[in-house]
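Dumping the structure here so I can ask a few things about it.
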Amino acid sequence: MTVELSYSDEVTGLVASTEAFVREVVLPIEDANGGDIAVAGSDEIRVELQSEARSRGIFAPHAPVEYGGLGLDMSDRAPVFEAAGYSLFGPLAVHIAAPDEGNVHLLAHVASPEQKQRFLAPLAHGDQRSAFAMTEPAPGAGSDPSALTTRAEKAPGGWKINGHKWFITGADGAGFFIIMARTSGAPGDRGGATMFLSPADAPGLRVERHISTLDRSMIGGHCEVFFDDLFVPDEAVLGAVDEGFAYAQVRLGPARMTHVMRWLGAARRAHDIAVAQVAQRRGFGSVLGDLGMVQQLVADNEIDIAATRALLVRACWELDQGGSAANATAIAKTFGAEAIGRIVDRSVQMCGGLGVSDDLPLARLSREVRPFRVYDGPSEVHRWALAKRVVGAAKRAARERAQ
Amino acid sequence: MTVELSYSDEVTGLVASTEAFVREVVLPIEDANGGDIAVAGSDEIRVELQSEARSRGIFAPHAPVEYGGLGLDMSDRAPVFEAAGYSLFGPLAVHIAAPDEGNVHLLAHVASPEQKQRFLAPLAHGDQRSAFAMTEPAPGAGSDPSALTTRAEKAPGGWKINGHKWFITGADGAGFFIIMARTSGAPGDRGGATMFLSPADAPGLRVERHISTLDRSMIGGHCEVFFDDLFVPDEAVLGAVDEGFAYAQVRLGPARMTHVMRWLGAARRAHDIAVAQVAQRRGFGSVLGDLGMVQQLVADNEIDIAATRALLVRACWELDQGGSAANATAIAKTFGAEAIGRIVDRSVQMCGGLGVSDDLPLARLSREVRPFRVYDGPSEVHRWALAKRVVGAAKRAARERAQ
Amino acid sequence: MTVELSYSDEVTGLVASTEAFVREVVLPIEDANGGDIAVAGSDEIRVELQSEARSRGIFAPHAPVEYGGLGLDMSDRAPVFEAAGYSLFGPLAVHIAAPDEGNVHLLAHVASPEQKQRFLAPLAHGDQRSAFAMTEPAPGAGSDPSALTTRAEKAPGGWKINGHKWFITGADGAGFFIIMARTSGAPGDRGGATMFLSPADAPGLRVERHISTLDRSMIGGHCEVFFDDLFVPDEAVLGAVDEGFAYAQVRLGPARMTHVMRWLGAARRAHDIAVAQVAQRRGFGSVLGDLGMVQQLVADNEIDIAATRALLVRACWELDQGGSAANATAIAKTFGAEAIGRIVDRSVQMCGGLGVSDDLPLARLSREVRPFRVYDGPSEVHRWALAKRVVGAAKRAARERAQ
Amino acid sequence: MTVELSYSDEVTGLVASTEAFVREVVLPIEDANGGDIAVAGSDEIRVELQSEARSRGIFAPHAPVEYGGLGLDMSDRAPVFEAAGYSLFGPLAVHIAAPDEGNVHLLAHVASPEQKQRFLAPLAHGDQRSAFAMTEPAPGAGSDPSALTTRAEKAPGGWKINGHKWFITGADGAGFFIIMARTSGAPGDRGGATMFLSPADAPGLRVERHISTLDRSMIGGHCEVFFDDLFVPDEAVLGAVDEGFAYAQVRLGPARMTHVMRWLGAARRAHDIAVAQVAQRRGFGSVLGDLGMVQQLVADNEIDIAATRALLVRACWELDQGGSAANATAIAKTFGAEAIGRIVDRSVQMCGGLGVSDDLPLARLSREVRPFRVYDGPSEVHRWALAKRVVGAAKRAARERAQ
């Protein structure tokens, strides 16, 4: 027998500790503030929660050990991140929220020793936040990253960046930005991008506004950002020039999975709340949870939770083997984002009027999870990429048979 | 040939006038205020919009002619209400918003001449708003109206009402309430309810709070309301004592359909916005709207719009024939509420990040339409009622064959 | 009030007579032969059933009165065809089966007086059957009719046709063929097709084989047909040369709707059988039909039946107004074909093991209806066509605003 | 890191050998006989194929080593059974078809040494086939096993069995039967069943008929069977008296999973055929497989395949840990049966007319997989059982909190 799905005692213990922290400390704060991180106090509450997490030994489970983290691989992250995600503020509290979590991952893989010292260390320790500036308004880089229009032009001793970004999560209050800019080619080309590191207070970097969206739990907002002749020195290049799209893949595969882990936790909370409700409320001469149509909603939630988790386990294991896991992560992201939406929606439905009100957290959870079918690649783009690979392979096979 | 689906010139003209009014006057106000009627000014803006609607001759299309309305039957209301619903504020602007619209309908059918004079006349003219106080928190009257717990007890010259209601739309600022209270039997009994009319400022009637919900476009909120020894005189009984559940059906069948009409308008706006976006934006080397997966979303929206409209036409025609149309309205409501949710959701998806942001009205439309799968009977309750009738008929047929 | 959905007494009576005929005469024959028309006796049983239908005055309800039919318009056909479709053999029995029904419609609109005399008259009277030879195997005319490869070349006094067709319903035993062949242009061109009439016994016309398919109720099979230098005289041209694609639309819009009518009848039978079963069978301490999950299946069937019918009513009315009704027929066909599949599938599921066995007609109905999502244009093609028109209109509107 | 999803070299090799055998030997026979095992020669072809499998060292991968099998646990069976299931005849060919495979499993766990010698040994070696006689027509044991009506009454030296079974797979030609009969209590009681072993040729055991069903690939049919005073000696009791329902669970959990494994193989074949088609065929100016709506069908198939496999891996691992894995197997069975149906249906749709014809195996695969949503417990029953456990736990938790 080779398949093994149990976790080590260390991971199991970490999951339990994270669950306890979330239940005892984080959820009360989330609920008292309607899940709105700005209302709860943004960085003030972040520092407080992260300090408590640190003292409980559950801080930064994904970060390299040498930077104060627990060094978990992707497989072991799955149950821990899900436990943290049970509260909308949980990921922030244990320092695994987007985009910092993905940026830690990226810097650990690509940054130079000096860059690690200057940017990764304070980020991993929670001393500052970061932003990842890739997405642009139409017709720029969105679902199709090759449309990248932000330009970096060589200048003496560095580069001058001009461009317009949006949906830059956490930009407001970030200590530094990782900026994706085109250093060669034209919008539409599949290469020619470079990543740059820039302090947030550099002249020419402007956070214009928070874009108001359905979700409110992200610290630092989803922002619109402008670069006007932003200068970055040569040593600000992250990795190699023109290799930005490849690094983006390094970041995006795992980042997709950690998103699913976290939101799965939120979906489980919605399900737990709804099940607790229907197990108690009565109607039509019965406990609601004993009525067949409600049982169907409950069972479908269980199925969606189990399938999302099983696909996550698969994709994480593939990532841990060192491959790109492009199909497995696309599948887990697409199914997961849709399943999570369904789970929360059914939970709302099970609770009726209460479900659409703020007397329970379900209404806000339904707002929070909706964008996930768009963020990190809409379902349509993942399906398109998947099908292209599958049909492409079939075309090649046919050509080979024909020879 | 007997089937006829065209509308008279009068109705066609009214639709066009309503569309023009919505486009020119109402939508700009909705959009400037993020679709939040409280932000827009509640009754102040209501009076202003209704005055303009009156001057354009499109005010109260459903109200009896003798009360200043246009006297449309259900069939003719369908296209007019849909045109008004294209803006979230449109129904309020032409005075066909819930709950006033349904209350006008109810009073026109059931009220005594004196009650019509005192309550229907000012309501129909837009001089005051009203509330319909039926729904109660668990374990009271919700999806299952027979669970009614609010009690009216006979007192000298009238009745004394005690109870607790919630999700009472428009309660804050209403001039009067129609109150559903139990005058005989016990919670769970399928009879024994009576409707009462009470001025909002009667002692013992207290609007406790607005329940915060996903939707924000309803004037006067969804409120929690208490009756503490509220006294109503004998002449406040609407119709006959103990006949409340029957009158509720008089109100609910048509009210369900007018809800579908209005929300279908909102869904159409979402669709129109999304189609306009994908017809312009480019990605993956193509106009987005020429990509197959986007075409599928567009086509499915068209199908859902057409099917909702066709089911509405059927149900309205049956109501106009004078029957209860119980199956036809349950089908149109259930299909319509779910289809409207799908239409708006696909529209959001078509617009990606923009779709989940407040830069377009789609995010708020997605919030607004979600509760409709719960309000006016959750889909599960309508399906249950439908199946009970169908299976019940099959049981009877089997018994008859067996004899 | 202008909307009118009731039928005349004549139509109502015709529906009742058709139902009685189907119940008393046709269903017993269908069931005794497992729904396989070849087993039942093909043209022998056809002649017998049609003779009985004629004597009951319900024969050929769609055919022009001057050719012995009842001359119903599309709107009035809907309930009559649905009643006939309640048995898989019902449409054949009252002479409204594909492809004859559509061919009668086409010839009545396009044929010359001589052609009507020679082809339409015997067809309308049920003296001979016909075939419509359009579909070709890949890479020819299939979902995309413009791929037409069969060629007709001018010869002295007529045309010489060469080509390869398949899925030609009813070809085996047909008296004559309507043949779609390219008279100009090349495969891929959107014009250049002509329709020809040919007796089935003309030299060069060869019915190669029956294609075995999931459905078995079609008389004369779905056949593969070859034309090898088939000569047809000039007077065999149906309508004008090069106008074949336009005539195909004349035939296809209504033919799509009559397909939906007939299959809706079959779906209703499946539903009725399943409801009768669950109203009687017990399990889990209850009548199955009183269990919530079964109620949901029952209700969803009712919804799908009602929506299909409502969309049919709309599309037929539009066709009766004389327009192309392209959107309305595409919507009714796509929704209808999918809904009919769902209805039968749920009916199977409600009956469990019995449902997948031939002890009930449900298993065979599930086989019979599956191809309808492919025949007459797959759902994907209708969605594509719908979206193209909608997005195209939005593009034009944007261009106009830009000017 | 603890999660491990790779297989040993032995298992990987076995999968490859099984794939080769299926491709080279089994598929040609399946296709030449339209997937109908009776047409192919039933036990004659079975013996031939199994002999070849034995010589290739891939026979009976699940059977205990001491009985000539390869002794794989559930986890390792998953990829091997899926490889075999790629052909409808593959499971029979390597001797892992239902019901023999589940019966081997059951006897290995429950049978006495003498019973193993007499029944398990010849069964495991493929020398005879077996049947599992549990299901009864309504109102007997079906979805609800507690409705068991077949009775075994004590007689001198043994038991006398009377009852009526149906859907007894493989009954025609089986060497022996495992019979579930009630030894105490009444229909509706959740206990009181006993399993008995009986040779097929015992007097009083009568195989009445094959029930014609949508699926045709099962050797020995789905049969209706009668027991009329069938005598079995005391030593024919399998395990202990009155423990039959518990043993049924021992058999059913794993049997459900092996069903999913096999049908997943069949679904993958359907997908592969469809992808190969759309990668080659052209329409609408494109390769079909490059059109967005087709890409969506391809991607959804990939997602369904991956999710089914991932849920299988989870459930098998839980079974290998020795638990009942009741939730995990219910989830994998329910999701799997529905996903497999969707995969085959989409594959049919991708191929259009060809898809519903017997020119490709897709039409027959669509018939074959449909009953799986009913067999081994309809989806509704699994959902009900799942929800009961989940809601039950929530009720208990609420009671505990209340204390």
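By written order: A, B, C and D. Residues from 1 in each chain.
Keep this in mind: a contact is a pair of C-beta atoms (placed from the backbone, for glycine too) under 8 Å apart; a residue touches a chain by one contact, two chains touch by 3 or more.
Treat the numbers as computed from the prediction; the structure is a model and nothing was measured.
Among the remaining chains, those touching subunit A and also subunit B are C, D.
Contact count check for A-D and A-C (C-beta pairs in contact): higher for A-D.
Note: centroid distance subunit A to subunit D, computed from Cα atoms, is 40 Å. For the pair subunit A and subunit C, the distance between mean C-alpha positions equals 51 Å. Contact with two or more other chains is made by residues 291-296, 380, 383-384 of subunit A.
Interchain contacts join each chain to each other chain, per the touch definition above. Residues of subunit C touching subunit B in their complex: 1-8, 11, 73, 75-76, 275-276, 278-280, 287, 289-290, 292, 294-296, 298-300, 302-303, 306-307, 310-311, 313-314, 316-317, 320, 327-328, 331, 334-335, 380, 382-384, 386-388, 390-391, 394-395, 397-398. On the side of subunit C, the complex with subunit A involves touching residues 291-296.
By the touch criterion stated above, subunit B contacts subunit A in their complex at residues 135, 138-139, 142-144, 147, 166-167, 188, 211-215, 222, 281-285, 291, 293-294, 348-349, 352-359, 363, 366-367, 370-371, 373-375, 378-380, 383-384.
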